[in-house]
């Protein structure tokens, strides 16, 4: 079951972080499967299927805790498996794989634009929107609404410790959108004047909880307190299938020096610990809708995305496992 | 009705902010009234009473929007008025005023210690406490609990934009208390492990709402969401009588350069506004108790403090008005 | 213990509803006590006190279920009792009674204006206010805010079945205030755009529940759901002391023909009952503040009003009872 | 691609509102597709498919904002597309279309009866039910429960401004069911005695929000406040697929003269606006179940209905689009 | 400062638990003070006051953690102190003490009856009431309602581990009241059919929290969830002044053998601990009213009871301390 | 359509309760269908299908109100129907049936183990877990977490009236897990120290409500109040398809003598009724996730289980009905 050299090279680059960013990794993984299918010398479907499984496993193991990478593999391999089990011959199987890979890449590339189109329909003339951190998908919603001539205003929280709010504020302002920039703690103070909250997601669990930049849960909480809609903009490859099988999403703890400069930290007493969690978990009851490139869903339908996109539904073997 | 020179000097210093800090201003105002009573040459009570009113008005007008200053005046003048109306002679009146002024000064000075003693009884061995900003009264609760040998841990939020959390963290740590330092946005993420929230107050309204450093309301909200007790440590002179007469507490908007350094701000596009509110308002239903130097009360009893301390109850003339 | 003829005449007019309206009845009752004190021939305090008790009982019995009438009597008689118990002589007692009666009448007359002054401080430039039914005290708040040059807009619900909303809408509009008139069912639909809810009260119980026109509770509920402030404007004589002793406030059931015209109703099948409750009960947790002529209080301090105004506190004898 | 004359006539009648009522329009649209398939002269499947698409587009454009009409088209065309893509020949395709159209018509006609059967199982002996407006589906639940010999009582709100409650009250009473008729504002006052709330829907969004007669949201809110079940009775063609793609449901603003008679309105000051929204939006967390003719679902499963009935799931092309 | 022999004997009996039961202990403590005042040989007020303080201290120390005992002492001594400070002579002081003691004893004895009278007004014909444990005050409410001819039904929870529900059930049933007896876990299942919850209290804190038999908080929680009124019947001597000064109410942990018979427990594995807390804490937001013998109050007014009854308000010295 | 003797014998044993326990009954029912398919003499698919329907009906009628039995039948017959409608020949149909039956039996047997594996991933080192009653699936989660070396502690409620908590406590303790045993009423008192609640289910409705041992709803309610996760461990055959068609789950009322020993009960007054409901209903908003052997789902996805496992989706004929 020879895995092609090009596939191995891509795997190496993913492992070494030469290829990085959730979307890019996912697209390269799909592309590697396409290359394998196109380049394979196999003469029968079983043989090709075995090769594909080997390639998928190789790619999967480069970053076993990521979300987007295995989702790309599942997208392609799930379709391949259905075809293979249904009796496809080697050419049909190859065709299915190549098509699925191209489809995934196309979808992934257009997802942010598509989320913008769908989400912008929910934005009304004059809306004040609150956002947190820097999310391409969330920004796409606001820019598209602006493109449609809607006069909106965006409250951007600075997003400590890494100040992603600054990037968001400048990006929106440069695009011509009015921005109000505030500290994270001011979220509740300005919720009364907010019409909608639009934020991104790092990943989304099977029961609709949203893992995103620390502070997201506080904003969603006070939005629900004020009956303001919280909309999460997220590409479907952010949905996290393993959580259906009980996997807890581990919250990454980042370096204290993001919070306190190293030289200052060195002088601090030893009984101060600096804790710097990257994310927090927003329970689904605080999220009104999730905007995906496939449409708007309530958070409790996260599971449907998993099923439709990745063929994951309520079982627990990867398509490349026996 | 000659107001003494010493009184006028104190009034000038308060106006010029040579005397500053809520507690200090209040104590000097009471002291000025004491000086006036002691130094007055009056031979009868009515004359002294008129002098006192003039002195009180003079002092009151130095900082008409403060809370602690008029409260100090009310404390002394309310007692003087009761004595005067009850027929006190000049010596009796002088005695009442001097005693009341000394009492106020003594109470004010010992209030933080007393709040520490009372509040610490509510802290239990092993408690994890969350606090925000830098409040002497709140810190007094934690230090006293530590003094009593209770093993506590304090989660301190950095408190953007002015990082008062750093001062709090160092002060507690230097005192020997274990500290966990986090960004403001992490408050909900660590609420599950928190046993009690202890925060200070800038002022407290007649219906028990707490005006305090922006971010306080978010923490109190998520504490209530998790059924964690929120305790506000506040000296009685923080209670704001005018709110009983409908006065809205205005939230101070501070300079944008506290949030973004001036040089950076200059380069920002003009359609970004930086809003920097100093405080927010925590509704009384999110506060479990207020710890004052006079005892622990539910927030809805704020009005009782106003009545007992300042003779304010449900009427609307200052004691020095006719 | 001869009750004066003039007092009896007033009692008759109250009983026959020649004198009507909560405020008017109360003022006449106080005036009758004043007349009795002024006109009495008594030579000693005990005799006068007995006469006053007789007069009070006579007046009380004219409308035993009203709220304002006994409150007027209590206001005067409580002060009389304190003086009498404290050893006042007949002239002192007479003086206390006459003064108290005049004070009550004055307060009652100026209460609506005073509520307007206090409440208007809570109204901000640009506020959208929702109101229900027709309440003089609530309207006074809005008119005073308008007088102060604040640009406000009022959403008025029509208030079925008796359309008091029409009166409110016209009164406000004639005064120059912009009005949006909607059916009662639209209250939640427009709550998102509402800044404050201001409504009146028919009476207020010892634990702060508000009895008011049916529909009030629904509006307060959805206001709380949206974190919009509900302010109840109510004169202190609306507070209902007997509820401290357990009395349930009975909700008046009015005639079905207010809901359905009689001729239409006659043709309806007999298994349709038309129920027409005049009031509903808003629990105190849905009310943020009560605006009285004596100041702003949280609903849980209703009891303080009862104590201060009527000397009622936690005991259970009328001052004219032995 | 000739569209048949009969189809065009139906399209005209829908456009001119000769055919009206959500159910009727939907059934005629399906019938028109059936006519087209039956009457078509096409000899191959591709040709027929093109004709069908043309007919569907024509019908779709008659009322582009309705919900039931496009749902009828989708029901038939989705099945046609599956057959066509699967390689059906012209006769098979025709058969599929005719069958699907008949099925839709049959289902639609029997939906109200079926909802009654399913919903009535949830009604228990002695239940007091509250309803609002006039909904055939909701009434069917109550009548069926009555037919089963269950002794029920129904509280009917009058439903301003158009008094649909009167129709509901009479219809139920004529059927032998005891009715209590109240103004809309009394909904909370009688919620304590209510066992279940049963209401209809105008349309239902992808995330389970219910658009229905203004006032529905207030009743559902107070039902949830009292832990009383809210059940929405709605045919599946009420589910609104476009909301999955972000479409906001626009709330129709109707004529002020429905609220205030024209002659009265003319005399009103110009600074009173009368706003008359036809509907409001009940968020899914206030709805316990939706009763459809296909079974009972939680509101968050609205999306499943869309998928199963209209083949809509998470994509965004109409079946008649290329 | 000789304390009388009779007083010492009472102190001994309280210490040895010959005198027991919250009410009885309190009444004997007041009686002991009365005896001391009556029997004292003192010739001047200061001497008597010193003797009284000595007696109060002696009695106080017999059971330092009880609530009713110090409250009895405070009731009498507070009045004595006011008189003494006001310049009473020895006979006046003796008179005040004896009167206050008799008053306390009388009030205490009649409190349960009085609570019944007040609380029963809140019970309506046909009410279904839920109660927990065995509370004389709560039972008094139900019996009085029954005496008034109201037809009520009481749901009694068995109250593990000591089955006090059995006593309550039998006492009510013997009195002629219909009882439904259920396990504690069934409280939520039957809350829908419950009209009011009436329970007792072991003690009540300064901020209105209710300490009562474990399980009380669960019932109050689900009552609030269903918008059913929770009424706590409690004599005023149950109010706990020290909590105003921060004292935490310690929850008594009782013997495991109340939960599991000793012989069974002996055979259990050692890694099972049996925890048997006697009480739990119901937060004030779950309590609608407290019914005392002095009237009905919202829980947040607990502090008023403390002030009025025990002269405690916001200071922190016992009247017998210097 | 001869049903085999062996099948009839199994049916008899199920009816006579010789075969009992939800899991066992279900597996025997599937096995009976397998026997029928294997033993049938039919020569064509139609004949076999008719026989299978007869066998299924016979088995179904043995216990028409059970949940697991019809679910087993549906599992097999749904797959059979799909095959039969798809044109399977007799051998293919037989093969499908035998395979489906074996699969069901295998899944059912391994479900508890599988639930343990999936659920244990959600348990973290040091967790304190609360459980109620005795649930094999819930216990499997805790044991598996223990097997993985996680140091956990379990709070077990005694579960009146039948003390299933004792069995749970001993089973866990014998397995080496630390247990805290408390009365049911203590659930809220210890919720603050609880990290997760894990309980079983008797059955689960189409909208995600959990029917389980009385008391479950109270624990889930207070867990939600404290923001503690409630996880329900339940095999998929616990999901109740008929509820989709409106069926109300009837709550079994068990014998009073489970609550009060018969001899004691005989002496009780006749106006005490003892009500002993076996179960209560936990609404889906209090359940965070359901752990099934197929994965973790939000309660609102219960409907997906019904569709995937039993082919039930939104229609209403059993597969063995015509």
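We call the chains A, B, C, D, E and F, going by the order they appear; numbering starts again at 1 in every chain.
Following the convention adopted for this analysis, a contact is a pair of C-beta atoms (placed from the backbone, for glycine too) under 8 Å apart; a residue touches a chain by one contact, two chains touch by 3 or more.
Not measured: the values here are computed from a predicted model.
Any chains in contact with both subunit B and subunit D?
A, C, E, F
Common contacts of subunit A and subunit D?
C, F
With residue numbers as the basis of comparison, which of the pairs A-D, C-E or C-D duplicates the interface of E-F in over half of its contact pairs?
The chain pair with the recurring interface is C-D.
A-C versus C-D: which interface comes out with more C-beta contact pairs?
C-D
Provide the C-alpha centroid distance between subunit B and subunit C, rounded to the nearest whole angstrom.
Using C-alpha averages as centres, the distance is 35 Å.
Mind checking the centre-to-centre distance between subunit B and subunit F? Centres are C-alpha means, answer in whole Å.
58
At least two other chains touched by the same residue of subunit A: list those residues.
225, 285, 300-301, 304
Give the list of subunit D residues in touch with subunit F in this complex.
Listed in rising order, the residues of subunit D that touch subunit F are 117-122, 124, 285, 288-289, 291-292, 294-298, 300-301, 304-305, 308.
Please output the residues of subunit F touching subunit E within their complex, sorted ascending.
Spelled out, the residues of subunit F in touch with subunit E are 158-161, 169-170, 173-174, 176-190, 213-215, 217-218, 221-222, 225, 251, 259-260, 268-269, 271-277, 280-281.
Going by the contact rule set out above, which residues of subunit C touch subunit E in the complex?
206-208, 243-248, 283-285, 300-304, 307, 313-316
Given the complex with subunit C, which residues does subunit A contribute to the contact?
191-192, 225-227
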